[in-house]
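Before anything else, here's the structure in question.
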Amino acid sequence: MDEAALQELLGDVRSGEVDLDDAVSRLRRLPFADLGFARVDHHRALRQGVAEAVFGPGKTPPQCAAIVAELLAAPGGPVILTRAGPEQIDAALAAAPGGAVVGATVVWRPAAARTDPVAVLAAGTADRPVADECVATLAAYGFGATRLDDVGVAGLHRLLADVDVVTDARAVVVIAGMDGALASVVGGISGAPVVAVPTSAGYGAAFEGVTALLSMLASCAAGISVVGIDNGFGAACAVARILGVGAAPHG
Amino acid sequence: MDEAALQELLGDVRSGEVDLDDAVSRLRRLPFADLGFARVDHHRALRQGVAEAVFGPGKTPPQCAAIVAELLAAPGGPVILTRAGPEQIDAALAAAPGGAVVGATVVWRPAAARTDPVAVLAAGTADRPVADECVATLAAYGFGATRLDDVGVAGLHRLLADVDVVTDARAVVVIAGMDGALASVVGGISGAPVVAVPTSAGYGAAFEGVTALLSMLASCAAGISVVGIDNGFGAACAVARILGVGAAPHG
Amino acid sequence: MDEAALQELLGDVRSGEVDLDDAVSRLRRLPFADLGFARVDHHRALRQGVAEAVFGPGKTPPQCAAIVAELLAAPGGPVILTRAGPEQIDAALAAAPGGAVVGATVVWRPAAARTDPVAVLAAGTADRPVADECVATLAAYGFGATRLDDVGVAGLHRLLADVDVVTDARAVVVIAGMDGALASVVGGISGAPVVAVPTSAGYGAAFEGVTALLSMLASCAAGISVVGIDNGFGAACAVARILGVGAAPHG
Amino acid sequence: MDEAALQELLGDVRSGEVDLDDAVSRLRRLPFADLGFARVDHHRALRQGVAEAVFGPGKTPPQCAAIVAELLAAPGGPVILTRAGPEQIDAALAAAPGGAVVGATVVWRPAAARTDPVAVLAAGTADRPVADECVATLAAYGFGATRLDDVGVAGLHRLLADVDVVTDARAVVVIAGMDGALASVVGGISGAPVVAVPTSAGYGAAFEGVTALLSMLASCAAGISVVGIDNGFGAACAVARILGVGAAPHG
Amino acid sequence: MDEAALQELLGDVRSGEVDLDDAVSRLRRLPFADLGFARVDHHRALRQGVAEAVFGPGKTPPQCAAIVAELLAAPGGPVILTRAGPEQIDAALAAAPGGAVVGATVVWRPAAARTDPVAVLAAGTADRPVADECVATLAAYGFGATRLDDVGVAGLHRLLADVDVVTDARAVVVIAGMDGALASVVGGISGAPVVAVPTSAGYGAAFEGVTALLSMLASCAAGISVVGIDNGFGAACAVARILGVGAAPHG
Amino acid sequence: MDEAALQELLGDVRSGEVDLDDAVSRLRRLPFADLGFARVDHHRALRQGVAEAVFGPGKTPPQCAAIVAELLAAPGGPVILTRAGPEQIDAALAAAPGGAVVGATVVWRPAAARTDPVAVLAAGTADRPVADECVATLAAYGFGATRLDDVGVAGLHRLLADVDVVTDARAVVVIAGMDGALASVVGGISGAPVVAVPTSAGYGAAFEGVTALLSMLASCAAGISVVGIDNGFGAACAVARILGVGAAPHG
Amino acid sequence: MDEAALQELLGDVRSGEVDLDDAVSRLRRLPFADLGFARVDHHRALRQGVAEAVFGPGKTPPQCAAIVAELLAAPGGPVILTRAGPEQIDAALAAAPGGAVVGATVVWRPAAARTDPVAVLAAGTADRPVADECVATLAAYGFGATRLDDVGVAGLHRLLADVDVVTDARAVVVIAGMDGALASVVGGISGAPVVAVPTSAGYGAAFEGVTALLSMLASCAAGISVVGIDNGFGAACAVARILGVGAAPHG
Amino acid sequence: MDEAALQELLGDVRSGEVDLDDAVSRLRRLPFADLGFARVDHHRALRQGVAEAVFGPGKTPPQCAAIVAELLAAPGGPVILTRAGPEQIDAALAAAPGGAVVGATVVWRPAAARTDPVAVLAAGTADRPVADECVATLAAYGFGATRLDDVGVAGLHRLLADVDVVTDARAVVVIAGMDGALASVVGGISGAPVVAVPTSAGYGAAFEGVTALLSMLASCAAGISVVGIDNGFGAACAVARILGVGAAPHG
């Protein structure tokens, strides 16, 4: 319910078409669908410009399927199912055919393709599932990210070989576990927005991603921002915000 | 030393004007000035598009003054002294007159004014020093941020009264201690990039900002990214990256 | 053994009906039944007004069954089996038919129905098992809680649609993982007692509920109180205390 | 702005007395006063039924004074200044005479006296400042709490001597540092609501209150709820919610 | 090699029976048997008066069996296998018949029975496995501990019913998870040595025993000492030290 | 109020000398003195056999003096003032002359001298204040501990030079910061009870004593027990319990 | 690409054999092979002198096999597969026969044997897998380490029996869980470099190796350095660095 | 007491010159001087080859002076006073003239100069005090380290300008706070031993050095080892061990 709709409602009040009690009630009610076990938000895309995502863990396959179908039943933007197991994916695709599956992520109704160059860098091969989630989510928003895997700082020349990918990007996602040092190095060679994603990959003193998380937050390269551990989805959403997906209505 | 300079150097090698040994040596050397106690980086602005900042704590007033003066001696972008005490500020201003002082931050040679709307929200009055640092740093980059103080979620209507500031912004900085819940609320009503800054303000179970930091990282509003505790400077740099300060050479 | 019983005992001592040594001994002994592996407390309901609960984990199915049966053998209030697996539930129901099963909770001999309006809010679908435990425990005390699922702050209008449930309640339980921000928001719109339950649901920086726990404890909405992670049972008991279950003898 | 006011506004829209644009604007605006450095909330008492509190740390004495004066300028409920230093207290009293000072807390315009029995227990003498804050805040709400100091579990008989205070109370606040065990003991002998406040008092392995906080959250006595470390103010607010201060309009 | 043996060796040196190089070498060598994968210590009982224990986890069943057999092959005191799985127990008993099995603990060659009264208290039924390990280890040292299960502070009268067990004991082991409050209560009613064992049993905010550990270390009852989480074996060894098992040679 | 007193009271009830209501009341009241700000426990020494201690921090000098004087006014055992500053000590000595001052500890009315050999070992010179507190508290109980300072494991021969002190002791207190390794080494060469006290002394990764605390709790020498950081007083009380101070009435 | 190659490239630029653009491009490119899912670094051995290692977890067996084969396809030093499961090992050996398997480690193309004495000490039998990884990695570098298992400080004589191994070594690796005290003891008797490896073995308060990690970092024996938990591979690499594997080109 | 001395003692026993009891006693006694408050170790240099260091904090100036003087009174190696305040330094120099003061470190009787190239890198100017301590300690061992200040990864070219210092070194100490990323970068370009020192310098999420500590321990560059936070002294000792100071007697 945007400002125009609010004015219309108040106009209806003035003209008497809408009863006072009813108006009070509607002023508090924005569109969503109540499935009993979930309240599906048809309003979020309008409000935030972000895709509607269904987080898999803790939901039954039928619940996943029902929420996805409900979201697709109304007009709107991309719908994403994340961290889904095979049974959840199967159920969702049966209810809503046509989703594109990448790893544990499924995307329906992706946004129109955009040309902004986005780079997604993963430090090690163990960070690939997080990069998969990030790239799939970016694709839902219409971004065809350029991806560099296995470019950790222990062999900086591997990054330097494709350094154009970094310097040309309008936004860079850096995904790393262990010491998370890749974020600082990328932040030092690029002036673009850098969104850092710590991963739970690693051993020794990686502490399930806490070390990389802290290291990225304390990066000596100014202006890096950070999302939660293994949160490739969140990083992609941050990029979508940065590149103006949500700002379109503003002009 | 950008790509053009590299080509020129290699041209000089081909023409024989530069000796091979010398070229090898110069290829490894980018411009900075060695003051003995610090290596002042004249290259960072070119490389990253970010301002050069001098972090006050741990430096003597003369060291602060010398670094600032050295940075201003070469052409370049904004110069910022952060977290400075009165003696550091006095010494720096004596050596480099004309700096604009806001709280513990001093800015010299600010960038040309820009019109992108940026919002800086602080949840409580105790978060104001962090907001000061953020707004002053944004000013160094040319952004005249709109600032809303004391708009924490315990009285949401205070935020809603100025909600246009949030919905119109191209980037929003949210500064909050305690539960950091303001970040989630703002992320839910705006599709613009949201950079969250946890602060060490608070009591009870605020744990010097750790609670707000964790809460912001775990925000249920997708696409929020976070910087370190009390790091208003870093948040401003992230905004500068987002709004293309560093990307200008690419465009 | 309440004050009346103590007076009676002492009267028996004066009259000589009870021997001194015996009285000393009885003064130290309050009613419970020793099953060998557990000491079943027949006194707690009198003393605290709270239901007697059997915590499933770590007990064999026969032990669960025996404790439940012992509790029901004596007159008293509600008996609750929590966090029980299917085998524990089967064994307990075989020994004590008639229990009402909700998720992993079983309730026997519920208290008489009460009319106090109680609201139980869960931020996400993954928080539902905790809400189940809370609602089932409230039912044991006679409260028919109104439950709102999936009303997290990322889509505040979902909460606002049913805001009457919150504003009309005499006590509100808020169940949330991730950033736990729902507790602050509810605390800001309701003057009723708010009992916050952090949950282990979440990812990124949720840290198994620790983030939500800290965030709720540091809530900027004054007067919120918190129980342990996933402790829907404890929150229900807190509500029972608040609404005077235990205070009845005093009134 | 409660529901009645909302209806009135809409009635004015219907009758044409209020312009549409103006109504849209007013619907987003609830009463507060913008002092520049703070947004003073005249609405919170109506909305939540809780007192308006000014948290001292980080504010200058003139800021404290101005906020207190602004709050008292409008009709309303109690006004509380907490954790204030001597200069803050002096400035506030100069601007707003008549406040009652207890330790670091000042109360103006207390609510009418209430008769609900409330008990405030402090385990050790070092916990007294927290008890002071709690008792002063309760007084602002009209409650004359009965206070028991120095009743830690190392000498349980000290508590038992005044056990009537506990068993007669409609709400009990338990304040303890170190192992926080007093909360469990009180929870075991009382069926009333127990709000536990961990304190930073202690040594050895008290860890600035973290040990007591965890211990209280993990209390084996069901239905205890907990607020932040040293948060006597928060506990008093929780009691005010429990005893229906905020629920009055609903009743 | 005790002081007498050292004197004898030196006498042999003086008399020429032992070569100098050999004596130097022997002075560095105390008796143990090298099994390749383990160095079995035949000296520890002499040196410390404590039983020789084999910790099961991480060892193959044949390794467990071999170490137990080697220990029993030499004269000495009790031999204990702890935290052993069924296959480890079977293998050990096959190699060394006659061990007494209690839960996951097996004891061979127990010390002669002693009459010192020792109490082992467990707060909840989930703490029983730790109590089993403790009681079995005490039995290896000859102590027939009196055990009280399910005597947590939520129902103090269950403890008080058998309070003689506590007040008569020469040493008390208190085993508790959750808030660990039982240790403080027992420490307050007994002047005997209290060894507290936190357990990993619990939920909510028990954090795998960390809460109980901290709570016990910060106990407000002076003179309580603590061992590691779930370490019933260690607590029994502490009691053995306290009651003079190791001090016998000195007396 | 011991068992004899209880019998006498009940006898008075039977004979009619004591009224029923009065008996009920007295049964709940054990001896202590209420000073307003503190409840001085005259019963603890009888009940636990431990000295009555006054913890200095957070108390005013007059409060320290009043509590000490009250404790000395009644017959009883040792009285100890710990962690006291110079002003607290002066005030206490003015009110109660004759106390023996050792560092920040003052002892009045020490117990009769005992001959049990007790060893107190401190790893480094920075651990000496904790050792002072421990030795002074032991002196209050009548133990003249043998003290070894600066015997850390980096130079084990310094310990070995006085190893008789360790092997002859009936109880050993080991005080160490940093890695706390001295506790394991002492536990390996002595069969006596070992009470380990981690200290906050250290640097690098000592973390204010947490490292030593964890290391001591995880000691590979079985049967070591641990008290809180810097808690020399608690360790001395543990030794007093071990050596039967509290058990005397039972023997 | 070492300095010589760089000079050759620049000579080609001068002579015109290499185009400027091409040179710029090549200056950024160092040798590695891009397998799509991994960037295999043929340069690291030259650059660092350390072996190329493939970390098993998170890679499919075919991926492990492909990376190992690629590394062996180019000339170079040792290739190591670590933390590999049986299927990964089988696949790797099928693709690259001849690897030496020790536990979960496989080594191909080991360096020539070296004679520097290296000692690897493991405190307990549960630390053996970490020692296996360390010894196998050392073997890849050509070192035939002398290994002492089960020499924890609870029975120091077991270490002293083979003390020559320690005192003769040019580098010592100390592997221990629990309290990690062995590192301090070894550091006190040897002047050689000591690399400490905390292990996750243990119970009670071992906290998955964190206690040993902290204890080793805070060792009171100066000059000990530490690697991550269970990181036997890293410790071996540190020894290789220390003994000059990587320094060969310099000397 | 080395092996030769031990043989001599035993020879004296054989010849009857030394009494048996006396020999037993002396075998346990290695040389140190007991100053009452400290046991000065004259043996450590022989035993470990490391310098004898006096840690300032917690010692009075006279104590510092006395320990230093005692150490210098016997022949031996370097003597170092660390973390000393001005008064401690003055007292020590008065008692033992000729010490070389660098920041808070004083060195007497330094070892003969050595030519091994050692590099000490500090990431920021705030890390300089730690570098001072490290360089001064290295000087005590005879090493004239080459020092690079302010070479953090945010401006890698500053490091690359002096990369020869790193590649030529036989050992590299890397000192960094914040994200500690410099250690990984140096480890990637050098094959020499890298000893990493996290510092407490920093802000945002540096957490007093914990972030850098974890990051360095989890470095993706293999073979880096780490010492405690701010422990420049320990890093220098590790280098001394690595470069054979302590191994000289063995060679």
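Letters A, B, C, D, E, F, G and H mark the chains as written, and numbering starts fresh at 1 in each.
Convention: a contact is a pair of C-beta atoms (placed from the backbone, for glycine too) under 8 Å apart; a residue touches a chain by one contact, two chains touch by 3 or more.
Computed from a predicted model, the values in this text were never measured in an experiment.
Trainee: Starting from the defined contact criterion, work out which chains touch subunit E and subunit G both, please.
Mentor: Both-contact set = F, H.
Trainee: Quick one: point me to the chain whose Cα centre is farthest from that of subunit G.
Mentor: Greatest centre separation from subunit G goes to chain D.
Trainee: Using each chain's Cα centroid, which is most distant from the centroid of subunit C?
Mentor: Measuring from the centre of subunit C, the most distant chain centre belongs to H.
Trainee: Half is the threshold here, strictly exceeded: which of A-B, D-E or E-G has more than half of its contact pairs identical to C-D by residue number?
Mentor: A-B
Trainee: What whole-Å value do you get for the distance between subunit D and subunit F if each is reduced to the mean of its CA atoms?
Mentor: Comparing mean C-alpha positions, subunit F is 38 Å from subunit D.
Trainee: State, to the nearest whole Å, the distance from the C-alpha centre of subunit E to the C-alpha centre of subunit H.
Mentor: 40
Trainee: Would you mind pulling out the distance in Å between where the CA atoms of subunit B average out and where those of subunit F do?
Mentor: About 54 Å separates the centre of subunit B from that of subunit F.
Trainee: Of all residues in subunit D, which are in touch with two or more distinct other chains?
Mentor: Each of 124, 154-155, 187-189, 204-206, 213, 217-218, 221-222, 227-228, 234 in subunit D touches at least two other chains.
Trainee: For this structure, give each pair of chains that are touching.
Mentor: A-B, A-C, A-D, A-G, A-H, B-C, B-D, B-G, B-H, C-D, C-E, C-F, D-E, D-F, E-F, E-G, E-H, F-G, F-H, G-H
Trainee: Can you name the residues of subunit A that touch subunit D in the complex?
Mentor: Its residues touching subunit D are 3, 6-7, 10-11, 13-14, 16, 20-21, 23-24, 27.
Trainee: Please give the residue numbers of subunit C that touch subunit A in the complex, ascending.
Mentor: The touching residues are 124-126, 128, 149-151, 154-155, 157-158, 160-161, 163, 201, 203-206.
Trainee: Which residues of subunit A touch subunit C once you look at their complex with the stated criterion?
Mentor: Residues in contact with subunit C: 28-30, 32, 37-39, 41, 43-44, 55, 57-59, 63, 83, 213, 227-231, 234.
Trainee: Which of the residues in subunit F come into contact with subunit E in the complex?
Mentor: Subunit F residues touching subunit E: 47-50, 53, 167-168, 170, 187-195, 213, 217-218, 221-228, 233-238, 240-242, 245-247, 249-250.
Trainee: Could you list, by residue number, the parts of subunit F that touch subunit G in their complex?
Mentor: 123-124, 152-156, 178-181, 183-185, 187-188, 202, 204-207, 210-212, 214-222
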